[in-house]
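Okay, structure first, notes after.
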């Protein structure tokens, strides 16, 4: 898939931008008033009010975890708001599930479409139509499906199974499904993430067509240049709060970026720089077919290399390749001067690499098992006696040392990890990987979804580790954290390495610009050497 | 080629290949076995297809929803016995009433499975393994282990097996075979033209999406188990007509043959694809194997050994297709295990990440 | 590993049921607790309880093995055929054991390496291996085994116990130590709890699953051979339908069908409950099929009850917050 | 037909005049267990009725237990029931043995605890663990009868025929088949050719399929001899359904009530059987007599079995060891006498 595409404005700048009618007279089709939502400790949405007007494309910008997807899930009835109300066409409504949302005329298209692989295209479009009676009229359904697709200007065989469709074709089917249900509010969540330039153009034609039919479109995307290409109004979210809503003409991509990232970076003192140790790891031309390409960087002992970029940029995939869970298909990895082929987590661990996953509940920990069992799991052989039995006393002793070292608040190390708070669970996972005594430690979103206190302790631990000479790769979407902790920041975008910024060059704007496609002038490091 | 590709859906390719396999088998066995192409052979095959075919329809619907129904063997035995006892009790009973009663009795037993799987969320492998034993035990208890003998049954029932509706060349279409054929036609139409039928495919194809867009997930799972029970009841009646004598052993082990026929017939073990006609072709394949091996003087148990292998290959090819699907769609994990409860979609458990 | 909270509630329940059942049986026949009858108790279902031990490890790892009964039949039939063909008994036993191991590893390959669902693979095994067994022996039965072989299954050699019961106790200790004490046991629990997390932690999931299915096949073959020893002859339909009893013994013991939880003490207690129940029903002249239906009901209850308790608990917690 | 009645009647009279008849005192409480091969077969239900009739006459306060395994694990099931009965300490066990010599350890254990073990319909081949075998009919005689029926059905020019038996472990089946093979050596039956023996395990479906398979495998066979009440009915229906009633005849041992339609339609012109009710009645009397000490299980002991008159325990000629009580007459049914027999 050709991922590299030049930015060609579809519309000439002077094209009269349809400014939304003054909010005074037009009635918003969908209005969120003071919506609040929190998941256990973290506050996902804090007093958010937003209005969508018919015939208007409203873009939503924000970093990862800014609350965009939570808002969408509330609109489509997947979640219920803790506070606030939703007003649809003037009446207060409660949306409990997707079916109710659909009845109101609200449809959502996610990055991964929700189609049925074993049903054909026409059926996927009309699967949820209650009004079509118990008997399926295939002839009529095929004709209507073809008509719908023609109206959207798409040529697609309605008889073939959804199983073989490309992502772009699937999105068109989803849009056709929405229009067949007389959609009034269409939500597009990161629709263009893996589309080619031509496919994006196709999609924008469809969306503009819908806008002219009076549909209110909520467009969520990280591709800032696309947003400023199509949106009538732009809203910026940060930390669950709505920062600003401005017509596109009164704002610019630069201003939005600053609004998105404008958090005070004061509270995180930057890590004191540590004298750079000798070269630990150097990676050249690392790639994995269809996932990421040509990643080049060096890592020295005691150095923290931050991985900046947006979700789906491929940072986690680089981590998985280095650790051997999803091995790289090309490129070289040189560790302590020796070439290494890492094809399984065992080989990764034997070479002294550790990867702490971003999803601690699903991939990082075995929740029902005790703290000490989790910590000893990767290197269990170290705790076995000659006969193969587990020396639980030794295991508990190790767990105790980590309990003190990382201040894990737990009555005993035999407690099941499931019973711990998010922060403590994260510490247990980190202890698990520290226990393998790695020389290269890959941390993937180490502070996501944990309280501020635990976050600070994790940061201290990172500083200690670096001081001890461990090379650390910090994958994080928390920009201030990356900037504060990293000696250098490697930025990725859609599977490509767009920049390596050392400490003085790296700031919120430069990283964000690199992450969103305005490639910085300096070529990626290492490519030349 | 494109025309063919457009017309034919993947699982139809599986059914076509099965049809070719059947024709191949018939020609090979025909050459090896004397007197093979006689009406007796087709009668034999038709007879064994009748019962497995009818029950296979219900099993197809169950497997489509990523579940399995092992209790069909006992339901067939139970209905065969008690309808037989009932008819023996009052020979004057109207034939249609007897058939409907058999279907109703089977449906009730299917409903019990349905409630346990759909609402109590007990995996269907556990529920139906349990009810397989419970219904068999009830049959032995309530019948006091007696036998329904053909002498106590009325004439219309006994020679139902011999009634020929029509004879094309050497193929004799008996009454019982017609019942089976009509069921296949009815349910093939039902699963292609009725909305409920299509929804059954949908919830098997992508349970998360089905729940998210509000398809009646639990009611449909309950429905397929009721249908599976009802059809097993009908098969019980057919068995009664065919054998005349029904002991408490009737239908024992039938469930394994039915599951084999359905899986070999192209119904995807991961749910969502496969058809009633495919399952019937699977039943025909089973019948051919059984009869031909018998005639080749080699033990008919080679059929079971071969079936084990055929099931494995069918499941493996299902997995390969699914693997390609997974990589194509980039979906991390299409976690699925037939018999295990339909995966509780994230949305229902309340997704926590902001 | 044994979540103590759970231990008290489930195992306590089993203990109570056991006491009630034994009390009822003693009332019905004064000889019940006599040493003869206790040995009979174990003797009549020795094959099932041996295989229930390895089935426990399979289910804790999140998989299931429906083909054990057919492997028992296959191994017993092979033993008979080889013996009839004049092969000395010890060699025949060895070959029969290896055949079980091979069948188990074959299952393991398809489940671990090819990633197929264990339910489908072992269902194919249930049909296929039974077919193979009956092909080898047709409809006949083979008997006349050497006396020393029959004594393994029949004579009381070790004090009041037969050798097969001794084998069961030895296996019980081995599985208990492996599951709860050894590193392998810890990894089996990890795989059962969360296979992906285990893989991310560098656990060799494929290898361990392969070994588990291999062990399950081997022990099933051993049980088949002991069955032949007990009866003194083998037939093609030996051990048909045993998988229901075996799986019930494991699930009634508190092992979750979804893997990752449960312990050997629970399984031990549930074995005693089912043995006494079956023996009690036998004394009360309840037919074989009715006994099996009681076991079928136990199977469903052992998953239904925890399910209901779980949903009630979550509903109660929701109402509380 | 009448010829056999004459012979056996003479035998019975001869026995009666022998030793003095031990009398059986009714009214004693004995726990009795009647254990057929498995449940679900009509002939065994009739044996149960016969035993209940004897129980009423002997006013045994303890009710008779009628227990049987499932056909699936009949061997292990019978062993389990005998073992349980031993634990319960019953008075006597009457078993139609379907487990060959595998039942011996359990039977011996029962005898060790003073329990009387009486076999009926099908003995323990080695006779170990068995007090006495109540034989419904002399096994060698059965062989001759089956050979005669085959000859009379297939006519002078003979032809091919096959045997559809029950289970390979059933001692009586194997004995009858062996006796028939022995009888066929007589030049009279030279033209009869036995081509195959298949087993239906007394299961309806399996017997039906095996009968059809026989015809498929040997299209030219003229007779299927089924010495089992389940097999004979299944084979008859298979031939009827297949429209082969006139080409392939059925014979063997069957219940008149079940075979009525097939004898009338000519599919099963001749078959034989004895009264299972009488067999159950006699077995009960024998076991009761032994349990109450009226007689001992040794050669020569005689006793009066209620309405069936006197019986004497003799050595069993058909087995190396073992004692036998020979019940006596059985009848060959054909078109004319089946009507009356079925009505009974």
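Per-chain numbering from 1; labels A, B, C and D assigned in written order.
To be clear about the criterion, a residue touches a chain if its C-beta (ideal position, glycine included) is under 8 Å from a C-beta of that chain, and two chains touch if they have at least 3 such contacts.
In this text, all values refer to a predicted model and were calculated from it rather than measured experimentally.
Asker: From the C-alpha centres, identify the chain that is farthest from subunit C.
Answerer: Using the mean of the C-alpha atoms as each chain's centre, the farthest one from subunit C is A.
Asker: Which of the chain pairs holds the record for C-beta pairs in contact?
Answerer: So the chains sharing the most C-beta contacts are B-C.
Asker: What is the distance in Å between the mean C-alpha positions of subunit A and subunit C?
Answerer: About 46 Å separates the centre of subunit A from that of subunit C.
Asker: In whole angstrom, what separates the CA-based centres of subunit A and subunit B?
Answerer: Roughly 45 Å separates the two chain centres.
Asker: Counting in whole Å, what is the centre-to-centre distance of subunit B and subunit D, each centre being its mean C-alpha position?
Answerer: For subunit B versus subunit D, the centre distance works out to 40 Å.
Asker: State, to the nearest whole Å, the distance from the C-alpha centre of subunit A to the C-alpha centre of subunit D.
Answerer: Comparing mean C-alpha positions, subunit D is 80 Å from subunit A.
Asker: Check each residue of subunit C and list the ones that touch at least two other chains.
Answerer: 196, 240, 287, 289
Asker: Residues of subunit A that touch two or more other chains: which are they?
Answerer: Counting only residues that touch two or more other chains, subunit A contributes none.
Asker: Quick check: what residues of subunit B touch more than one other chain, meaning two or more?
Answerer: 140, 145, 248
Asker: Provide the full list of chain pairs in touch.
Answerer: Here the touching pairs of chains are A-B, A-C, B-C, B-D, C-D.
Asker: Over in the complex, which subunit B residues touch subunit A? Could you list them?
Answerer: These residues of subunit B touch subunit A: 6-7, 9-11, 192-196, 198-199, 201-202, 204-206, 208-210, 212-215, 268, 272-273, 325, 328-331, 347, 350-354.
Asker: For a test of understanding, state which residues of subunit C touch subunit A in their complex under the given definition.
Answerer: Per the stated touch rule, the residues are 1, 3, 177, 181-184, 186-187, 189-190, 193-194, 196-204, 260-261.
Asker: Touching residues of subunit C toward subunit B in the complex: what are they?
Answerer: Per the stated touch rule, the residues are 64, 110, 114-121, 123-135, 138, 196, 236, 240, 243-244, 247, 251, 257-258, 287, 289-297, 299-300, 303-304, 307-308.
Asker: Which of the residues in subunit D come into contact with subunit B in the complex?
Answerer: 39-42, 45, 68, 70-72, 203-205, 208-209, 212-213, 215-217, 219, 230, 233-234, 237, 240-243, 257-258, 260-261, 342
Asker: For subunit B, which residues count as touching subunit C in their complex?
Answerer: 68, 116, 120-123, 125-127, 129-141, 145, 248, 253, 256, 259-260, 263, 269-270, 299, 301-309, 311-312, 315-316, 319, 333, 336-340
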